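Chain IDs A, B, C, D, E and F follow the sequence of writing; residue 1 opens each chain.
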Amino acid sequence: MMVNATTYTSLVPLLTVLVSLGAVPLIILSSRRPNLREFWTIAAGVAKLALVVSLLPSLLRHRIAVLNLGEIVPGVDLAFKADALGVFFALIASSLWLFTSFYSIGYVRGLQEHKQTRYFAYFAVCLSATMGIAFSANLATFIIFYEILTIATYPLVIHKETEEAIKAGRKYLAYTLTAGVFLIAAATWTYLLAGHLDFIPGGLLKNIPFEPKTAWSLFTLFLLGVGVKAAIMPLHSWLPTAMAAPTPVSALLHAVAVVKSGVFGVIRVGLFVFGPELLRRFHLDYLLLTSASLTIIIASFLALKEDNLKRRLAYSTVAHLSYIVLGVGLISSPALLGSLLHLAFHATMKITLFFCAGAIYVHLHKEKVSELDGVGHVMPWTMGAFAVGSIGLVGLPPVNGWLSKWCLGWGAVAAARPLYLIILILSGLLNAAYFFPIIYRAFFRQGETGKTGEASLLMVVPLVLTAILSILLGVWPDLGFKFFKIAHEVGRVIFGGVS
Amino acid sequence: MIKFLLGHYAYWFILALLVIGLYGLIIKRNLVKKVIGLSIFQVAIILFFIASSTKWGATVPVLTDHQEVIQSAAYINPLPHTLMLTAIVVGVATSGVAFALIILIYRRYRTLNENELLERLKEDEPE
Amino acid sequence: MRVVNYILLGVFFLLLIYASTSLFYRGDLEALVNREKSPANSPNAAAYYIRHAYHDTHSPNMVTAILADYRGYDTLGEETVILTAGLICFLLLRRERKKKKKSSPEKKQ
Amino acid sequence: MHWELELVFFSILIILALVALTVRNLLTAVVMLNVFSFLSALLYVVMGAVDVGFTEAVVGGGITGVFLVVLIFKTTRRSVD
Amino acid sequence: MKEAENNPIVSLIASIVSPFIMLFGLYVIFHGHYSPGGGFQGGTLMAASIILIRLAHSGQTGQLQFPATLNTPLGSLGVLIYYGTGLAALWWGGQFLNYAYLPLAQAISWRRSWGILMVEIGVGLAVMAILVSIFDDLLEDNSYD
Amino acid sequence: MNPSSLVPFPPLIYLFAGIFIPLVTLRWRRLAGWLALTATTAAAFFSVINLLQVLKQGIIPYRFGGWIPPIGIEYILDPLSGFVITVINLIALGVIVHAHQSVKAEIKESRWPPYYALVMLFLTGANGIIMTGDFFNLYVFLEIGSLSLYGLIAVGEKKSPVAAFRYLVMGTVGGGFYLLGVGFLYLVTGSLNMGDVRNILPHLQVTAPLVVALTLMLIGLGIKMAVFPLHGWLPDAYTYAPSPTSAIMAPIGTKIGAYAIARIFFFIFGIRLITQIVPIAQVLAWLSAVGIIYGSVLAMAQNEIKRMLAYSSVAQVGYIGLGLGLANSFGFIGALLHIMNHGLMKACLFLVAGNFRLKLGHSRIDRLDDSLRRSMPWSAAAFTLAALAMIGVPPTVGFFSKWYLALGTIASRNWLFLAIILLSSLLNAVYFFRVIERMYFPWRGSSQKRTLSSPAPKNESQEVSLGLLLPTLIFALALIVVGFLNVWLVKTILTKALPAGF
């Protein structure tokens, strides 16, 4: 299936992992000098983005960077491979990390948070793990970074160290560690079936004779493994609880690292471990489709009745993650395109929304939707960005959300499954139902805010930038990093150029 | 049948002794009794080895005339004897350690009864 | 609990008895222990000791010869065991001779 | 092999073992154990293990007995079972 | 033990019997080649003779014959003799405890015989000292707690 | 020098130290620790040399007294014994360095010589068991090891003699059972040499005495290894022993039993006998599986770090037993790897527990608080890392043993065992994160208790001295380094250490 793709050995994938890991000791050592410390964070972010971008040109010429570090367990190497999907994900993560870093600095300084060094250190570790997930060439490497991500996020979730945060941390760990355990079980089983664990477009298990029972059990195990981070219902409940974390962490959890790793894992498992053929042959796609549609609908209703802004956003995330899963389950090239685009676009939109929520919290100390009356007059830029994000998530042009949704709908039609088109439209309406009242409150109602002016520039600039980015990507999806082209490339690799 | 009994009855007595020793170890509550059970248990094991070393029509494994031995059937198997010498010493050493421990326990808790001991251990539990 | 222990002991006893019935007769010269060669055609240690002990060590008492020479390493272990016991009693019980006071100032812990 | 002799020894050994374990006075139990050891030493000799018999007599009848007596004088003589 | 007063008759008899037991123990050690017995039995007998004296004479008097401070070093020394014999064989080119390499006599069988004797002496010494040491420690009046 | 003459050096060095220390250090007590350290270093050095040697030229036997195997006693140096002995001596080295300081704090100076001598003798026993190729010799060294442990445990706090006595009773019964099993085996086969027995067994019919011999040996060694229903001695012994004792006993003690079971049942009796004819392996696997759950659940209920670690040991030993009981190559490699990994993890955890005891005077979980993260940052970090390894987070060592064990269970199609292995790592997470939360986050629920029982949180560093810290950190580091080295280990050593028949 590797149509005229060649590989070359390159250190870049490893460097992208190491660059933020290397920043950790620097961050810790300069804990007493905040400016220097945050310089390291930003420097690592820029370096990482530059490294990922440097992979782009050769990728577009169908040359894939690989790096093999030797065996980690016999038969399985610790190997990196910057294929289209990996670079795609890495691009999203590293570019948005930069935004998140700037924003974090504003946020933690604005609130004068404690233990900022620990915060930034684990932030960097998280990003390293995410890069590792993106570039892992096989399941074992994937699991290693997946688990590191789990552990590294824990200190961030409980950063506030309140009773509630610790409880949230426990819940988070309980869910994600259990998932990791399932993933290991699934991986070992796969290893015994296939003899290797390398990700192969079209599925590494493609040529293995299967019994339906085995296929279903294995796929269920995998889905339990990656589904927790992807917040597929009923495995989602850690996510709203984890809102106890500081807002940049929520942004990281929801938009960049953790949940996206989860859906990334779903894509990897669905298309690179099992492959479209196997999914179709054993009707495993129904498992994906059913769980995803149920999640979309139920999560939207839950968001509708939630008053806490961040929790509402969290449920919205749960719903939107399942869009991506749905796209995988539809097994068609346009749906996959829509999936991948949503992976990127949801990140920009949701990160905007979280940044807004954080800015409101830092500036006005408001967390509830019902308290937001008239906020739009005080913080026009912030609420403007919020409106942009909402519009995008509802799926209206020109914000980028419409494009991915449109692709998904096209995919549903192309796969002759119009039911899911209806679900997408219904979900769009529900999105509108829980987002537009917020905008209405903010701009068209009068309320007591007690403060005037915007939050600090370090926060407002990133959120405005991400909002602008969302719009630009909606108009011109190939902007800058050529998201559209890369996503297209992924589809081509998997479905063999049919699109 | 008689031959079978003659060839095996010793094992049955020995195993009975072994179980008696175990009974002392497990069921008796007094620590000294436990050590006594331990001794009986060890004696039973030693007897098992010794009993198995016998041979029909053989004699004690000490040469009297200092001649080369041609026929090994003439002497009792000396290997289990050697092993059991070692086992006896191990037994003495174990008993010695057990005595030391019992004296320490008695000094600290003024009792040798395991039930009372457990109660006093519970009392000691902090908080 | 006590009943369980008795039952366990009884079962154990019966099992051992059952096993012992299929042992060779005591003193049976055909038993593997008493043969000159094992089925794998390796020499039988006991027979070797009986025949060669005096020749090898000038010791008419075979047990001594085995104890101190053929299996001398076991005996070294045996001495070590008894040394261990002595050291344990030393460690646990020996009194400090220099200090007259019953409770020495540097009490442990 | 003198099986008649062995049978007598075995029977006495079993009785002695039971007595040593059941008697309430620990000093009696210790004496019983000493007798038990000595008889077992004789049994070893009957079975042809002269060295082992010698050792058991010296150890079981002598040193262990002394140790046990010391132990009982250092602690207590009574036992409830 | 305890603070029992010294019974002169007991002391006397113990003093008379003890040397004979000691002598018998030595005999058992050195005659281990030819008759039942050996280092362990002999050592135990020697320990018994010393313990007899200690039982008869309480307190410091019992220690005069064989001071308690010697117990542990002598015990170690005994084991060390054994170990050293093995080590000597190693030193002269054989395996550990291979007495055939000891430079003691011409014939290999005699070398082994001498090796066994050395080892038995070590065993006897160790067993004697350690059994006495255990006895002393058990009789110790107060421990460190 | 002939390479085979180096084979018995590790146990002989320990033995020499064990004899020598009480002799010379009655006058110079402070020498005891240094002598022990020297001996351990030398033994570790020679184990490594032996391991390299065995990898180069295959199995090396060593014949004591120059007698050929069935006549005399021999030591067998093969990849398995070479690997385990190296692992154990290197761990012992780290623990002894740590003990050098912690013994000063917990043991009175007048007891140093016998204490160190007993530690050396314990290691003699452990090394002897690993190297030996003779059933009875194994018994002798088993007793040396066990006896010295009884003494080492009993110098601990007030309750320790009771724990030691209980261990003594169980341990002696275990030794007795093993010896009786050897007796039956000797009657059946007529030989005590392991290699000889292995050659003779195929010529024999499987009779009741042979089965009983197997069972008795399994029970006897199972007590040493603390397999589930035979673990009763372990929690008390680990808890009440002084810190240096538990630190040396926990990583080494139970592993020896596991090694002996692997050696005797898989190498001597052979896979076919213990899986198809007499289902010893299955019994071991099931007992271990129950032990994993039991140990993990009880560990959650404990309030004392050492006791929690003790129950966790019961569970972790279950991993080893399960891996062995699966009787396939993955399971066996997993078990061997876990012997090493668990040794490292437990050494690290017990050293940290010792550090806590030294500085805080206790190691109770409900009295820990977040002052630790400032006062003892390195110890807390080492504990956290080891805890993550216990949970099995990659790339720490715990992950890899879990990986192999999971492979083993799947290869033998035993989904229940797979579930148990995976479930227990979650249970590990539960009880370790309880401690980690206490160490790193302020605990509001117990603020009243804190004011009562522990001093106000100190902010200045109270970290233990370098001599204590260094081994702790080295173990913690090893947890990651060895994780990355595991392929190399498996490929170069462990695949060679597999018994015939896989």
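The criterion applied here is as follows: a residue touches a chain if its C-beta (ideal position, glycine included) is under 8 Å from a C-beta of that chain, and two chains touch if they have at least 3 such contacts.
Being a predicted model, the structure only gives us computed values, none of them experimental.
Listed by label, the chains touching subunit E and subunit F alike are B, C. Here the chain at the heart of the structure, going by C-alpha means, is F.
Contact count check for D-E and B-D (C-beta pairs in contact): higher for B-D. Mean C-alpha positions place subunit B and subunit E at a centre distance of 24 Å.
With centres defined as mean CA coordinates, subunit D is found 19 Å away from subunit C. A separation of 69 Å divides the Cα centre of subunit A from that of subunit B. Centre-to-centre, using mean CA coordinates, subunit A is 78 Å away from subunit E.
Chain contacts: subunit B has residues 6, 10, 16, 18, 22-23, 51-54, 56, 58, 61-62, 79-81, 83, 85-86, 89-90, 92-94, 96-97, 99-104, 108 touching two or more partner chains.
Residues of subunit C in contact with at least two other chains: 16, 20-21, 23-24, 26-27, 33-34, 45-46, 49, 55, 60-61, 63-64, 67, 69, 71-78, 80-90, 92-94, 96, 104, 107-108. Residues of subunit D found to touch two or more other chains are 1, 50-51, 55, 59, 63, 67, 70-71, 74.
Put simply, subunit B touches subunit E in their complex at residues 62, 85, 89, 92, 96, 99-100, 103-104, 107-108. Contacts from subunit F toward subunit B in the complex involve residues 136, 140, 143, 147, 150-151, 154, 158-159, 161-162, 164-165, 168-169, 172-173, 175-176, 179-180, 183, 186-187, 192.
Those residues of subunit C that touch subunit E in the complex are listed here as 55-61, 63-65, 67-69, 72-73, 75-76, 78-80, 82-83, 85-87, 89-90, 92-96, 102, 104, 107-108.
Listed in rising order, the residues of subunit C touching subunit F in the complex are 15-16, 18-24, 31-35, 38-40, 42-46, 48-49, 69-74, 76-78, 80-81, 83-85, 87-88, 90-92, 94, 96, 104, 106-109.
Of all the residues in subunit B, the ones that touch subunit C in their complex are 3-4, 6-8, 10-12, 15-16, 18-19, 22-23, 26-27, 51-56, 58, 61-64, 66-70, 72-75, 77-79, 81-83, 85-86, 89-90, 92-94, 96-97, 100-101, 103-104.
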